[in-house]
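Labels run A, B, C, D and E following the written order; every chain starts at residue 1.
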Amino acid sequence: MLEIESLSKRFGGLTAVNAVSASFARGTINAIIGPNGAGKTTFFNLVSGTIRPTSGRVLFDGRDVTGLRADQAARLGMARTFQTTALFDTATVLDNLIVGHRLRTRSTLVDVILGTNRLRDEERICREKARAALDFVGLSHLEARVAGDISQEERKRVAFALALSTDPTLLLLDEPAGGVNPEETDGLAQLIRKMAKSGLTVCLIEHKMDMIMNLADRILVLNYGEKIAEGTPAEIRANPAVIEAYLGTEHA
Amino acid sequence: MKLVNARTGWSLLLLLALAFPFMAGNDYHLTVMSTAYIYAIATVGLNLITGYTGQFNLAHSGFMAVGAYTVGILTVDHGVPFWAAFALSGLVAAFIGFFVGLVSLRLKTHFFSIFTLCVGYIMFLLIEKWESLTHGTVGIVGIPAPESIGPLDFSEPRTQYYMVLFFLVASLWIMHRIVHSLLGRTFVAIRNGDELAQALGINLMRNKLLAFMLSVFFSGMAGGLYAGYVRFLGPGVAGVEHTFDMTMYMLVGGIGTLSGPLLGAIAVPWLTQYLQFLQEYRFVVFGPVLVLLVIFLPHGIVGTWLNRQRRKAALPATAPTPAPRLAAVPQEKGARHA
Amino acid sequence: MLSLDRVSLSYGSFRALHDVSIHADDGELVVLLGSNGAGKSSIFLTMSGLNRASSGSIRFGAHELVGRKPSQIVADGLVHCPEGRKLFPGMSVLKNLTLGAYVHRSDSKGVKRTLDEVFELFPILHEKRESPAGSLSGGQQQMVAIGRALMGRPKALLLDEPSLGLAPLVVKQMFEIIARINKAGTTVLLAEQNAYAALNIASRAYVIEQGRIVMEGGRDELLNNPQVRKAYIGA
Amino acid sequence: MELFLQQVLNGLTLGGVYSLVALGLTLVYGILHVPNFAHGAFYMAGAYSAFFLINRMGLNYWWGMAGAAVTVALISVLSERLVFHPLRKAPYLHHMIASIGILLFLEAGAQALWGADFHRMDTPYTQIVELGSLTLPAQRLLIIGAAFGLVVLLQLFLKKTVTGATIIAMAQNREGAALVGIDANRVAMLTFAIAGALAGMAAVLYAPINLVYTSMGHLVITKAFVIIVLGGMGSVPGAIVGGLIIGFAEAFGAFYISTDYKDIIAFALLVLILSVRPQGLFARGAH
Amino acid sequence: QEVIKIGFSGPLSGGAALYGKNVLSGMQMAAAEINAKPLDIGGKKYKLEIVALDDKYNPSETGINVQRLVQQHKTAAVLVPHSGGIFAVQAFNEKSKVLLLAYTSLPQATERGNTLTVRIPPDFTGYIGPFTKAMMTRHGKNVALAAADHDYAKAWAAAFKPAWEAAGGKVVAENPMSYNKATDFYSGVSRVIQAKPDVLFIGGASEPTALVAKQARELGFKGGFIIIDQAKIDEMAKVVGGLGPLEGSVGVMPVSGDDRPEPAAFTARYRKANPGKDPSSEISLNYSAVHATVAAMKLAGTVSDAAAIRAKMDQAFKTLPPEHNPNDIEGLDAKGGTVANTIIGVVEGGKIKGQFLRALNAAK
């Protein structure tokens, strides 16, 4: 469902992503790993429209989405979370999530001023979507809390819920378990699996190998912006190039 | 429960406002109040882009001037009736706001502010220099009072007061609708984090532009009222100090709240009236008062109160109350480098 | 000798630390374990003077640190390498490192020597010395942060989650480096999520939960404690 | 040709003074991340202090300037301690309004002390230097020389001294600076002191060819803001280049186009440049 | 003993504060003199008080202030020294029944038929002919316009230009400058000097006007200045360092330089009350305005009926004792503007030589 064709991004003299091609199938969990600075986050930014590629193409459901803005990409069904978990810290958890579904609504200023039924319906739907997403990640009890006040793991979950509330078909998760302890990491992994089961395509960046090896269907390895390997966890674990660049001997 | 409270509060306020002319008993009080209402309308507009959307516009009084001059020029030079000209005042401001917004809203934080500071200054200079259109520094003299509607004669201070009050109430009502709707949530989302908002499918430019145009629409309309109320216009209306004044009203009352800017826009002019006895030295007092207010009541009067309410409602009684995190104001981004 | 005696800390009305007492002898490597939000960073921030304890005392050598300014604490030889790195993103790597030796600025020879040591420890930093620190990748920035802390020639080093966001290979190197620094005589206090790796190089550890010390013990004791294994090692 | 050179000279004079004021503003912005609208009032305070010292106490021009630099540095540091320090965690809108409070206070205070009258500041350099067909008032030459001398000194201080580096470090990460042992308060005060002193000296340089009055700061402050945005906020070279751009735009605009429109020209220039380069000319892409 | 109040709303803070305070100081001097003697109007004893409010030059604040003066202080007359504020007050002063003492020489202030307005300064158009003549004969036919760009100066320039051309002169450059807002006049001045004018037409507030003159001299200008009446030659001399640089210029005769007995006595009185300060025409004209207003109250026998007071203003000016009328105002014209035989001053040999306007106009 997501095809990447020879995607590149240069920052001044540095090529952060260099002619990477890849393809991700519907309903699968795909991991992107690689040393720090390998270009993983940049890769996500390119796919999700946060920054424009220098060259290459991104095809989403067969449609060329290269160079679309992030909001346009989101409307097509791409949702993402950020490496440093971004939430609207000053709003309550539920309010965070209600905006999440805004992109699927059509109410305009006119609806607002006239107070039309459409607006009322859509506001209800947004609220329902928000509650459903919160329920999905198992945090219904937190809906009235201010987002800035909840714990790191809860933040990660709310970020998932926020992504889910946009009704996506593709989820891009940047280090979803970063800064989360092993026990909680397991919980998050289960949640990711649950999302894939529900039909979502998941791409995630992670450094936690135990989690990745158990979770991912396929793994893509980047190093210095280039793809150095791609395959199942088992293949990756045995790949000498990956071991040398990233895993080290211990994990092999 | 909370809604009922808010509603009774607003109704009480409205009643008070309606009764004010009978309690005030003299035209001076009415003049102060009416002028305060006019600036309150503009401030409520400013609050939409600054308080709710997080883009601090310093050209706001420029747009107020645009609205005012729309009325001034049309009525004095082209014989257009006041109400027709007034109907255009907000629209013309919003129209110009469209182009200004298109360029300026690509900038963030201070860049946007200083950019709009310059835009405001250019507007001021244009008004001053473009004599064939604006009468330059001489200003527009003899703007007619709003024509009477039926038995309502708008050259009387009392009817003028009610006229201005009417538009203030209408503005607040519309603003209330906006900020409590999905649209308002969209604006707030942009304020709270534009990168995240965009990732959630919110078109930043379109929404910011909409907020900007709405905001200056209110400003233009306030300008139109100003023209019909003061009935003389000089380039000074566009002066940036008026934007600073409005910002101060917002901050004193509570930025990013509905009633805060209103409260500020009414309270501060009265305070300055009471400080008049100090004459030229009143700023020796007023300046430090302002500083103290900003330091000790950073969320403004309404904001401080609301925050307390919100925390109380959000937390289970047993949970510890976390440290207050700043609400309602565009947060400094500089610290996020690295 | 570094010790906290019944230290409490509040953020506004929220109490983040409750009577925390810990200590580290000279040359020891002590690990702080705890889940997110347990209060590890808060302990460090209180020690380095960025947060002020509401009660209790912190002693380092001959000094009482509560109420002392961060700059004085660094000069005393207690250096904190913070979570989130807090580098100077627009300055070159070299400038970042040099500023790390701010308290030794009058001793330029010594600074040069420490700098060479840091470059030896992190060769990549030498390669990147002229690049702005902000343009480095996360792992490289982490190295700059540790390098910068080392430039202060600490007697005791506080490392807050140095492995956060690092690739496994780098994490492994990181722990080796920490062990080396410790072996060279620096007292290290290490806060880590990666409990297994941390305990492996540690002499003792504390477990902290919701702002309280709930467990204390030697390395092997904790490594073999089933509760600790379940909560923090995950195996 | 002479006329052209004359305008170059003018551009340099204006640019020099603007740069000095803008430099202080940009330094303070670097630390505070806040536009300090009171900076124009600092400039005004500098002129009044020197006026008082020179015309009333009979000190010579240079002692007057030194006194003004010290006085304004003090005012600047005081406002840091009393106003901006307590606000350091607040959003920038708050600083802005607080700085306007300071501005109102200082202007009203100056009027209370010295009245609303215009004052003239004396300078020993009243001669006119004739260079070929160019007429150059000595004070203007002095402004150019001193302004650029100060700029160079400041740049050397920031780039070559450790104390200078601490200012930059603070600007980039306040906590990080504290953790390497930099005393944040000291650096903040130092920065404010430098900014204040620069504004004071700029005023004393410029006042003899202009007037001393309470609202004299308004003239330079808006332009100083334009300059630091133009140059990239927090950027020292940006403040200098921006100062020169605006100085030249004004001098040449006033001469070749129209005095009436020279301000519009300066502001339009900013609008134009920011439309093309939203971060200003010299901003680093640190984000 | 009751109190009558005359209001003032003008700039007391901000950039125009000096101007506002000067106006006020003239008013207060008159009030002090009036209170020094028993004041008897319509058989009652009164004390006069000037109530001053700051409006920062902002018309809408002038409106508020005047309402306040009328409602709370019951002033029958208010003095406003800026055109914007005057126009704002004219929107309601007839309805509020308050006499507006308008200190502006913009003709529009009285042109629009407001029945309760008195314009205090004489119309500036009277100066144009004599100024033109004096400078054209002395220096030549080429003039460059470099006055300020605010309403008043622009109106002046607009009236001056055709008159100069009609007298056979030529306008070689035109470059109005923002005297209040510009940081530097050098470029603007060199722009007009480049056109090699014989005469430079300048003027705004005295101090910046002086800077313009000074910079023109520095740039080698040798001709004469026509100084519009807002700027005062004596105040300018303080800035440029004596009358030397202003040699060969023409402007209104400063009150302090006028050696006729009444102005001289007035100057002496003012200096005594305000050590170190010279009275400008802002001060003397508004001083007279207060005296005239009180005189009109006496004549009308009322302290509150604005229309009745307004009706006696002409007579009041006509009967003002000379010591209260240093500018020699002769009365009001049909529209409410003052009429005076002002003297103009020409700087000659380091002195200001006075000449009667009317004499000059007649000689033409």
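Here is the rule we use: contacts are C-beta pairs under 8 Å (C-beta built on N, C-alpha and C of every residue); 3 or more make two chains touch, one makes a residue touch a chain.
By chain, UniProt protein names: A, C = ABC transporter ATP-binding protein; B, D = Branched-chain amino acid ABC transporter permease.
The structure presented is a predicted model; accordingly, all values stated were derived computationally and were not measured.
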Could you quickly compare A-B and B-E and let me know which has more C-beta contacts? A-B
Measuring between Cα centroids, what's the chain most distant from chain C? E
Gap in Å, rounded to a whole number, between the CA centres of chain E and chain C: 74
Distance between chain B and chain C based on Cα centroids, please, to the nearest Å. 49
Distance from the CA centroid of chain C to that of chain D, rounded to the nearest Å? 42
Centroid spacing, where centroids are CA-atom means, of chain A and chain E in whole angstrom: 73
Touching two or more other chains - residues of chain C: 85-87, 89-90, 134
Shared-contact residues (touching 2 or more other chains) in chain D: 107-108, 111, 116, 172-173, 260, 263, 286
Indicate the residues of chain B shared as contacts by at least two other chains. 280, 282-283, 322, 326, 337-338
Provide the residue numbers of chain A that touch chain B in the complex, in ascending order. 48, 50, 69-72, 74-75, 79-80, 82, 86-92, 95, 98-100, 102-103, 105, 107-109, 111-113, 115, 119, 122-123, 126, 144-146, 148-149, 162, 166
For chain B, which residues count as touching chain A in their complex? 174, 177-178, 181-186, 188-189, 192-193, 195-204, 210, 214, 310-311, 313-315, 322, 325-328
Mind pulling up the chain C residues that touch chain A in the complex? 35-37, 135-140, 142, 161, 164-172, 193, 195, 230-235
Seen from chain D, its contact residues with chain B in the complex are 29, 33, 35, 82-83, 86-87, 89-94, 96-98, 100-109, 111-112, 116, 172-174, 222, 225-226, 228-229, 233, 260-261, 263-264, 267-268, 270-271, 274-275, 278-280, 286-287
Within the complex, which stretch of chain B touches chain E? 26-29, 31-32, 35, 128, 136-139, 141-142, 145, 155, 226, 229-234, 236-237, 273, 276, 279-280, 282-283
